[in-house]
Amino acid sequence: MSFPLLTATALAPAIGAVATAAVPAARRTAAKWTALGFSVVTVVFAAAVLLRFDTGPGADRYQLTESLTWIRDFGVTYELGVDGIGVAMIGLTAILIPFLIGAGWNDADPKEGETPQGRRWRPTQGFFALILLVEAMVIMSFAATDIFLFYIFFEAMLIPMYFLIGGFGDRAGSGDEAGQARQRSYAAVKFLLYNLAGGLVMLAAVIGLWVATNDQLGSGTFSLAAIADAKAAGELTFGTGTERWLFLGFFFAFAIKAPLWPLHTWLPNAMGESTAPVAVLITAVVDKVGTFAMLRFCLGLFPEASNWATPAVIVLSLVSIVYGALLALGQRDMKRLIAYASISHFGFIVLGIFAMTSQGHSGATLYMVNHGIATAALMLVAGFLISRRGSRLIADYGGVQKTAPVLAGTFLVGGLATLSLPGLGPFVSEFLVLVGTFSRYKAAGIIATVGIVLAALYVLVLYQRTMTGPVKPGLEKLPDLRMRELAVVAPLIALLIFLGVYPKPVTDIVNPAVEHTLSDVNKTDPQPNVTVTEAEGASHE
Amino acid sequence: MSPDNYLYLAALLFTLGACGVLLRRNAIVVFMCIELMLNAANLALVAFSRMHGNLDGQILAFFVMVVAAAEVVVGLAIIVMLYRSRHSASVDDASLMKL
Amino acid sequence: MNDLQAPSIEWLALLPSLIVFGVAVIGVLIEAFAPRAARYGTQVVLTTLGFAGAFAAVVALAAGGHATTEAQIAGMGSLAVDGPALFLQGVILLVGLLSVFLFAERRLEPARHGTRVDSFAAQPAAVPGGEAEQEAVKAGHTTTEIFPLLLFAVGGMLIFPAANDLLVLFIALEVLSLPLYLLCALARRKRLLSQEAAVKYFLLGAFASAFLLFGIALLYGYAGTVTYAGIADVISGAPAAIDPGLASTMGNDALLLIGGALVVMGLLFKVGAVPFHMWTPDVYQGAPTPVTGFMAAATKVAAFGALLRLLYVALDGTRWDWEPVLWGVAIASMVAGAVIAITQTDVKRLLAYSSIAHAGFILAGVVAVSEDGVSSVLFYLAAYSFVTLGAFAVVTLVRDAGGEATHLSKWAGLGRRSPLLAGVFALFLLAFAGIPLTSGFAGKFAVFRAAADAGAMGLVITGVAASAVAAFFYVRVIVLMFFSEPKADGPSVVIPSPLTMSVVGLAAAVTLVLGIAPQYFLDLAGQAGVFVLR
Amino acid sequence: MESLIGLLVAAPLLGALVLLTGGRRLDRAGHWLGTALAATSFVLAVVLFFDLLGRADGDRTLHQHLFSWVPVAGFQADIAFQLDQLSMTFVLLITGVGSLIHLYSVGYMEHDPRRRRFFGYLNLFLAAMLLLVLADNYLLLYAGWEGVGLASYLLIGFWQDRPRAATAAKKAFIVNRVGDIGLSIAIMLMFTTFGTFAFGPVLSSAAETGEGTLTAIGLMLLLAACGKSAQVPLQSWLGDAMEGPTPVSALIHAATMVTAGVYLVVRSGAIFNAAPDAQTVVIVVGAVTLVFGAIVGCAKDDIKKALAGSTMSQIGYMMLAAGLGPIGYAFAIMHLVTHGFFKAGLFLGAGSVMHGMNDEVDMRKYGGLRKYMPVTFITFGLAYLAIIGFPYLSGFFSKDEIIYAGFAKGGTQGWILGSVMLLGAALTAYYMTRIMLLTFFGEKRWQPDAHGHEPHPHESPATMTIPMIVLAIGSVGAGFAFNLNESFAHWLEPVTGLAHGDSPVGHGTVSLAATAVMVIGVGAAYLQYGRRPAPVVAPAGSFVTRAARRDLLQDDFNHAAFVTPGTYLTRGLVYVDHKLVDGVVNGLAAAFGGLSGRLRRVQNGYARSYAVSMFGGAAVLIAVTLLMRAV
């Protein structure tokens, strides 16, 4: 067996988590560097995955596969493998984490004047270890080609996430520490219970899947490959009713994680109360598992049911797009605003997935990547701002660009990416989603464009209220971005521009996987009405 | 004579005992009611033993008596302890833990 | 004159329980004859060796194939030596072994007059707060009788899941219960609560035994025999021989059904299933925490073992009658346990209600009526018992001036003061909640899978919903420990001796191992999934 | 030669990148770098222009394919450029006027501490605008389209600490986004219809698809054009956009960006030609806007806003011409170019005036400035003459051609269009004369400002006057040059087609009529403002005047129709989200809590009641078992 690259990619941050946690309490800086080091090692592994992945014609759907039996009794195998979508998502995860660690460098240090409670209380070590642990679990769930294996990490990642949300909040100076702690633990509990409820429903479906395979194949299995083979050979067919129930069970969990209206209300709380890097971790990384899983599992396992549910899902995603954007407009807290914006964006992603076209799927995948980076840029800068003033309220800011122009500028770029300005990554993906949707569902495509206007509105209103106008009292001495902060944001912006101008490397990786997924659901792209005769010497590849 | 009658009697005794458990407050009385229930079972056992013509039921009845005796030992010890610390053998007084 | 037909007893096959009972008797003798100062050490070592020896015997029996091909019924048809019995006996013995460590822990209570003391009353017979008690405390007396009591209880529990006739079932029930009633009454602190727990447990336990016994009488009346195999034969309409008495009763299904229902009820009481659960919270709360831990873990294992054997071996023919009833009980237990636990404010009561909910989950596996069902229940029981024991062991460590600080509000901020302990407790809670990578998840999955495979999807969905509700209160405790500010006068975590540490550590290790690499244990449970019938 | 096309875009883009990320080090020389890069683009443009001229008529389309941008199955978007006569015209206008305005800004923004950034934004704008006109497909055009929107946003809001500027910038972007929906839907329609959105294949096979689809595409493109070109109903942002620095108003909101809508319609001529309904709507939009803008222009006292109204109105002309089809395309573009000269000149003049007047914009506080700033007066005056259509200046040629084409539409429609445009011409003459008179003639009316500083009007530095002079020359001569042998129309013909309609009114008559209405307009203005001193405080005015000052109530309408309901909707949704959507979840938790509180009361601590529960349980167990058997 060749070198287990995917395992190594997931294992690197896991080991990092242990190593970071083991650093003695007083040596916080060492813990930070340890965490950063391991996250960079993960990037190296992820890069190796990217390089080893073959996009040529005739390449296998799942590559870098590893297979070991794990819990034979449950029909569970330790099967890993990635298609292009998985590679993209692993890449996103691996790339983002070092920046999150950099951005949260001082977020978990004991507050000034705070006496350490107990020798063993090591929040800084814990913070970074938990982030790395989440990374490991996320990578595992992107790489798992066994449904049970996926499920395990899908659920397990809730726990470290939960501690990250509940245990580490903003350094808000509002004085109401107790109230904040209460809000924070409310948010954490809401996050956990909401997602756990989704996960448990999915558990019922997972069990149902085992029963179905067990009945028809003689032994239950969770291996995607085995199920696909059995389906192809006609040995495994779900009844219409069964398939729909199973689909709903899976979809419910993913819709909560994604989050899709009306299962979204945990996200604003969770993102609002956690520190900016954690908020990014939630929306940019962890939530992506939900949309990713829709593509891989809902569509891959239950094609008929997916087609059956499409109208309803499209309606829900449209509602998410518009509703999320409108609510973003109505927020007074900038982190909650970004959270609602994310809900709107997740609407686009789900829309793209269920449009069932090449453009929709590629767009949705790209969207996941771009949204991750764009939200990271916007949220992290917002976090830097919040850490300076100690308030999340938009009304507490004004005229920041005068005192901190670089901060304001990077914030604007993040915002522009969020509103999908051409030239930045999200535009490409959003447009692909729109085109993909429009080519099958005209009305849906048109309604979704409303999101474009609303996005501009909430981003620019946010920018206007916080950054422009006369300088608010108390902000006259606001320091501009420090070197560390700039080092975090600048590469993200560069990445956004790169993906906006030259997304081809990503689409090349994603496209073959998209074709496979489309053939899973027995769909082909709608053909144009008019066959165009190549004319006027327009040069195309 | 129909064996049913024994059974009816046993059931009656059992119910009486159970009612006693539900209605009486004194722990000793409650415990005695339980003994009554055990003996109702004994009666049924013996009756069935006779009916089936094997001794299993009677043996069982003997065992029950022994067990009941053991139970008395343990039970009285506990009840006496309760009484000594509270000066009351009322079951209802022992209700510190609830909800 | 006929020769006396000596009964053939397979002594070797019964070795585990014989060792335990033998050691128990020696323990009683030690109490009688050994000097006070020597008792503690002797008892601890002896009890530990007894359990270890018995466990070795179980392993040897299993290795000898007694769990599978060599499964047999020993002791003139009264005891089964088969897979489920050996598996559960093994689990019970391990729990017993760890419980000894908890019982023997002497570093938690502040030393009185130079003697280190344990969690048990110095002079249980003395009035709380009375002179006699104070003298006993001053003299540094300890109740070393707990060890023989523990041995007897474990002995009963070993027999319970192996009981193959109703008489033995009854005896085993009493043998395991009576010592437990006493153990409940022996707390050193909060003695009134402890005594109250004992009274309640005793009265209700005896009440339940009476029902069980009456059920036994009716079943005997129906079948004319008390052996499981005999009963099963009569139910299936093919008894070995039909005499006139049998002929008149075997058609009387009312006897069978009422009798069966009463026996099952007696077992459900021990299991702590709704609506026979109401003793659980009070007794769990009042009993000394090491006893609670032992009781919660081992009694549940033994009682479920007995229930499985009764239902699968004796009453298999009436499956269609008891399945719906157990469905109802399972659902009621899951829902009521999970819901009521939400508003609990005492850790021990909380865990009690959680155990009720878990009884419901396990019943879901019982209802599956399949080999998978049996082995899933076995696995679940093994997983659950260690988590429970570990959790209660942690509870013993969180103390303030009044002894154990079991009120939840006192646990606020524990994660800041002792992150390690709080982390381990969180692990146990997560296992209870069934989070993946813990043993609780593997167990839950196994049980639900078996239930679903048997077509009980409704149970699975209820179970899943109840799990979601249950997650709520487990999470609440974690929130309290990690995200709340510690109170100034909050409890402190006592650094225990290696005894308790090893219990907590082992329980945590088992929780993780059964969660991450459960295959070996699933295999064990899978091989042990077949009952020997005759 | 093709490879130079990319450099056209790259030069200013490089400038933007360097200036925006370069930091303070570049503060001293940044503006010259920006200007130089703009000029580089212009030089490249001229080189390419002569290259094109050197080619045969049919061979004047150059392509440059850089790389594949977004390739997904049938969706193939490329970064590829197409340079033909139409884009060449725009490129020359953009880089030419752009370079002049860079130069002008060097002086105008001299005292602004953030001048480097201003030049960065200007360069960014140039790059985006060039991308817009050079793109060979609609998606890339869209990128440029939004890019200029961004640049416009940044430049309108350049003085961000002024809340009004920030609001205006946001408004401009948002309103444009509404238009952008149109462009994106149009692209999606093209993709589903043709499977591509590159100019070549789409335009050449446009005729093959149904008229319904084409009308839809056309209307959507028009929506986009309305947003970018401030046409009714998306006109409301342009007036506010005058909050930006004046060079910005000149370059973006007069000469180039706002004309992008016209470019889009003309570029998509093949689609509109086959969709007459869409064309009619274009005409209507153009006609309405040209009157609307003119009326607004008549009422404003803010010199820049008056000019903005004029811009709107003039683009209305172009739009109308573009709606006429091949008869009008070339003249729409021609007017666009001449307008680029004289309107940029006017704005630069206005900027020069403001520069000398402490940034005062109220014309009622000017007066008699011709004595203080002669160069400004002369250049402004020439541009003024050009715009009102003074015979043989550039406006005269381009506007007359459009009016003529309007009449040539034929029938009642032709008469209506012609009359409307003549009315517009009269209004143009009126409001421009009003501006001229209020600013440069009469008595001085300025007063000390709040801080007691009295303005000291003075002529602007050479960096500012030179561009004004150059533009004035263009304003005077361009029309004549273009009209020589219809050279401009023929130059564009391969792209836009050219048709000569039969007008019921002759060319000469139209010119005569146009000149006549111009004289009427000038006269009316003179009567009102030239003969007696204008009041410093604006008179109350009639209802129409008051409405016109408020931009014909456009903002009131938008507020009532969109902003207020939107605000309420948003607030309502926040409430709903909190109380209903989240309420259900929290309610569920609370319900379980309540249930729990109730259920736990059963556990009352009395052993006897526990026994009752067991007894009852046993009874139920037995009853159910028996019942199951009975059933």
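First chain written, first letter: the chains are A, B, C and D, and each begins at residue 1.
Heads up, the rule we're going with is that a contact is a pair of C-beta atoms (placed from the backbone, for glycine too) under 8 Å apart; a residue touches a chain by one contact, two chains touch by 3 or more.
Given the structure is predicted, the values throughout are model-derived calculations rather than measurements.
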*Moving only from a chain to one it touches, give the least number of moves from chain B to chain D.*
1
_Contacts common to chain A and chain C (chain labels)_ = D
*Averaging the CA atoms per chain, pick out the one whose centre lands closest to the mean of every protein CA shown.*
A
*Taking CA centroids for every chain, report which one is farthest away from chain A.*
B
*Highest contact-pair count belongs to which two chains?*
A-D
*Rounded to the nearest whole Å, what is the centre-to-centre distance of chain C and chain D, using the mean of the C-alpha atoms as each centre?*
79
*asked:* So the centre of each chain is just the mean of its C-alpha atoms; given that, what is the distance between chain A and chain D in Å?
replied: 36
*asked:* I'd like to verify one number: the distance from the centre of chain B to the centre of chain C, where each centre is the average of its C-alpha atoms, in whole angstrom.
replied: 24
_As a quick test, compute the distance in whole Å between the mean CA positions of chain A and chain B._
65
*Mark out which residues of chain A touch at least two other chains, giving numbers and ranges.*
193
*Considering chain B alone, which of its residues make contact with at least two other chains?*
18, 21, 30, 91, 94-98
*chain D: positions in contact with at least two other chains*: 589, 600, 603, 605, 607, 611
*So, with touch as defined above, which chain pairs make the list?*
A-C, A-D, B-C, B-D, C-D
_Residues of chain D that touch chain A when the two form their complex_ = 20, 61, 63, 65, 67-76, 78-80, 82, 136, 139, 142-147, 150, 153, 157, 160-163, 165-167, 169-170, 173-174, 177-178, 180-181, 184-185, 187-189, 191-196, 198-205, 208-209, 213, 566, 569-571, 573-574, 577, 581-582, 585, 589
*Write out the stretch or stretches of chain B touching chain C in their complex.*
7, 10, 14, 17-18, 21, 27, 30-31, 34, 37-38, 40-42, 44-45, 47-49, 51-54, 56-57, 59-60, 63-64, 67, 70-71, 74-75, 77-79, 81-82, 84-86, 91, 94-98
*Residues on chain C engaged by chain A in the complex (per definition of touch)*: 413, 416-420, 430, 433-437, 441-442, 445-446, 448-449, 452-453, 457, 460-461, 464-465, 467-468, 471-472, 475-476, 478-479, 482-486, 517-519, 522-523, 526
_Contact set on chain D toward chain B in their complex_ = 600-601, 603-608, 611-612, 615
*Write out the stretch or stretches of chain B touching chain D in their complex.*
18, 21-23, 25, 30, 91-92, 94-99
